[in-house]
Amino acid sequence: MKNKTLYQIECRGLALSYEGKNVLSNVSFSVSAGDYLCIVGENGSGKSTLIKALISLKKPSGGEILFGDGLSGKSIGYLPQQTAFKRDFPAKVREIVLSGCLGRSKAHLFYLAQDKKRAAYAMERMGIAELAEASFANLSGGQKQKVILARALCAAEKILLLDEPVTGLDPTSTKELYSLISSLNKNDGMTVIMVSHDIAQSLTYANKILHLDRSVKFFGTKEEYLASNELGALLGGDGIE
Amino acid sequence: MPQMSLVPFWEVTALNNIFASLGVYFSYKFVIFAFIVGVLVSLCASLLGVTLVLRRCSMIGDGLSHVAFGALAISAVLGASPLAFSLPIVVISAILLLRISENSKIGGDAAIAMISSASVAIGVIAISLTTGMNSDVNSYMFGSLTAMEESDIYLAIALSVFVLIFYVFFYNRIFAFTFDEDFAKAAGLRTELYKTVTAIITAITIAIGMRVIGAMLISALIIFPALGAMRVFRSFKAVSICAALLAVISASLGICASCLWALPTGAAIVAFNAISFLLCSLAGGIIRYGR
Amino acid sequence: MIKKITAAFLLLFISFALVCCTNVSEDENDGISIVTTVFPQYDFAKRLTEGTGANVKMLIPAGSEAHSYDPTPADMIAAAECDIFIWVGGESEAWADKIIKSTVKEKTKVIALMDTVPLLESDGDHDHGDGHDYDEHVWTSPKNAMAMVKVLLATLCETDPDNAEAYRSNSEKYLASLEVLDRDFTALAEKIGKRPIIVGDRFPFLYLASSYGFEFASPFRGCSAHTEASVAEIAAVIEIARENGAKTVFSVDFSNEKMAKSIADEVGASVSRLYSCHTASGADIDAGNGYIEIMRKNLDALMSAYE
């Protein structure tokens, strides 16, 4: 068993600003191996900005992000918000999943055999192996997310960072995706950090919650969260999207 | 007026005559030069077009062609060598446009519109204050068959070699950052560098090709092949190859048509691009209907 | 807000006033004032009115493209104030036609160069309404130049009889020089014979060719700045150049010489320049070069090409 005090990611007093305005301040939390952390909060609470900082897309204006366990921002498997994809983009599923291996093959211009194997494994794990030659644009919403998740899996060393992975999906696909993610967490030992608007599901699968509203409103285990006031405030207001 | 020793227009339609006439035309150096540059520039523009169109950045081609026009106009006024003068200006504008469009205060489109129109205005003012709107200006706007010299050929070849190497060897990275810039950046790709390199190569392609094809028309070379290929094919690799082929074929046919039927060169090339796009749309529609 | 608007208006008003003021006419001279569109008649007018204090102004700036000009407000005012307005009279000077119809006063005499000599059709295949497409470069033949000078002389004497003596004596001198030029061109034509002169550019020399019997070959049919020569036309000229063993391909002033160079490359010839006299460069005007001097440059260029 991993030593629980060995953090994979630790944020200390993180501050992030956007165009000069402070979006997040004094954010401190930590993630250990095997955790399933859900980041919740209303729109504009800084969730996406935090995600961007974790994968080095944004420089903190204060505080620091520490990576332990030999990891770095680049070894996080990232699943961006759905709006980032072009719906008609001409690409085969295999091409997309393989692109997740980019971070590994830095020195190589072309993908190695091990990259291809990794991609094949990821597609199988997601149950989309038979879609490998299919065109991305022709897939359903749920299938597309599985492809993107497979890509994230390729890129991930030990951590998956998922930004609202089920937004816009139908209930069946949502369930499927959640159980896939949970399986990755429990069976493959992947650390999961997920931004979500879906409180109910978050509480089902997560073991830790980070509630943001421009700063940390709550960070701790799920049980502690259920007992706290913050959840009530979140549900009581019209925060559910 | 001189008697034409070549086959008159209305007899050219017989196939034998077409090949015979083309053979004669292509014995002239200026035709060969224009052909080589036209085809190579179309090739480069189409490959760049695939990534530009998919990243919704294709307007940069239009913007840069306007800047190139302004720069060429000023070079005509100063009596400077057109390419040597306009190339650095267009490259710098490309980088500038990129930086400005990333600043969210002014959107990318607005930035392009500002810089485009300002360049054309400056060019026109410079011209009208000195020599007036002459045939030089016309040939910059619409292209000219005799504009190429031997040095231009070498430049065009060097550019194409670079673009092909770039596209082939960095294909996976180009795909990744075209499909999802954020993800590519998170994976450690230097997306800024790739965007800058793409912009610079586009600028160079436009500066070189503008004198044959014309400022008004050259941005079409970036857009048509990519869009046509996307109507038919569904994988990035197939789209890239198809776009390149469409570009090269359209350019070749355009120049041949220009010779045979006295059509202006740039317009003929773009017309064939448009035709091939329509054919691809048709083909795509049929394929989809057949499914 | 009000302050800004006031400031803007003030600025506008001041600049407007300045523009108007700078155009207070230059008729400090006591002679007549003549306004011309392009160079040949400007030069003729200058020579004929030498010593009479006349004021001669050319509207198209030195070194400018003559075929597409947009008159400025200053031009309109100059035209309104003048005694004699001389334009070419063709379609490329539609702007001058507008000036004549709108600004020019009753008292002003208008001379159209194209009215002074017999016209040649420019052989183009575009019909303009009435089907006659006349070449406008009527001055390129010294014979025509002489006719124009005579018409100008008559108009000058009519407008300003006080200086008629001066005008007559100036014109006698000038016509004499033109006659020398005429003789030299006739001699040149004999020397060149039937050998075609290769012009790898737009072609303004129809009248010169016709007057002296020169054969020309050019990919263009006239001077329109807006048509491009087709590959077939360029190829045809190359063939003619080859057949006749041409050693020189000529370009015309104010072009970038690219087409002439392409043709010259193809046949192993060199490129030389001819001057249409339509406008003159600033350098030429400063050096006091006029129609005769520039035509002489052409003569010399042709002479050395056909040694």
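Letters are used for the chains, namely A, B and C, taken in the order the chains are written, and counting of residues starts over at 1 for each.
Quick note on the criterion: a residue touches a chain if its C-beta (ideal position, glycine included) is under 8 Å from a C-beta of that chain, and two chains touch if they have at least 3 such contacts.
Every value quoted in this text rests on a predicted model; they were computed, and no experiment measured them.
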Omitting chain B while every other chain stays put - resulting connected groups: A | C
| item | value |
| --- | --- |
| Per-chain CA centroid nearest to the all-protein CA mean | B |
| Intercentroid distance (Cα basis), chain C paired with chain A, Å | 76 |
| Length of the line joining the C-alpha centres of chain A and chain B, rounded to whole Å | 41 |
| Multi-chain contact sites of chain A, meaning residues that touch two or more partners | none |
| For the chain A and chain B complex, residues of the former touching the latter | 19, 55-57, 73-74, 76, 78, 80, 84-86, 88-92, 95-96, 98-100, 102-103, 105-106, 109-111, 135, 137-138, 151, 155 |
| Chain B partner contacts - residues on chain C that touch it in the complex | 60-61, 63-70, 123, 196, 202, 217-218, 221, 225-226, 228, 230-240, 254-256, 258-259, 261-262, 265-266 |
| Of all residues in chain B, those that touch chain C in their complex | 1-6, 9, 24-25, 28-31, 76, 128, 130-136, 138-139, 142, 144-147, 149, 258-259, 262-264 |
| Touching residues on chain B, where the partner in the complex is chain A | 54, 104, 169-170, 172-173, 175-176, 179-180, 182-189, 230, 233-239 |
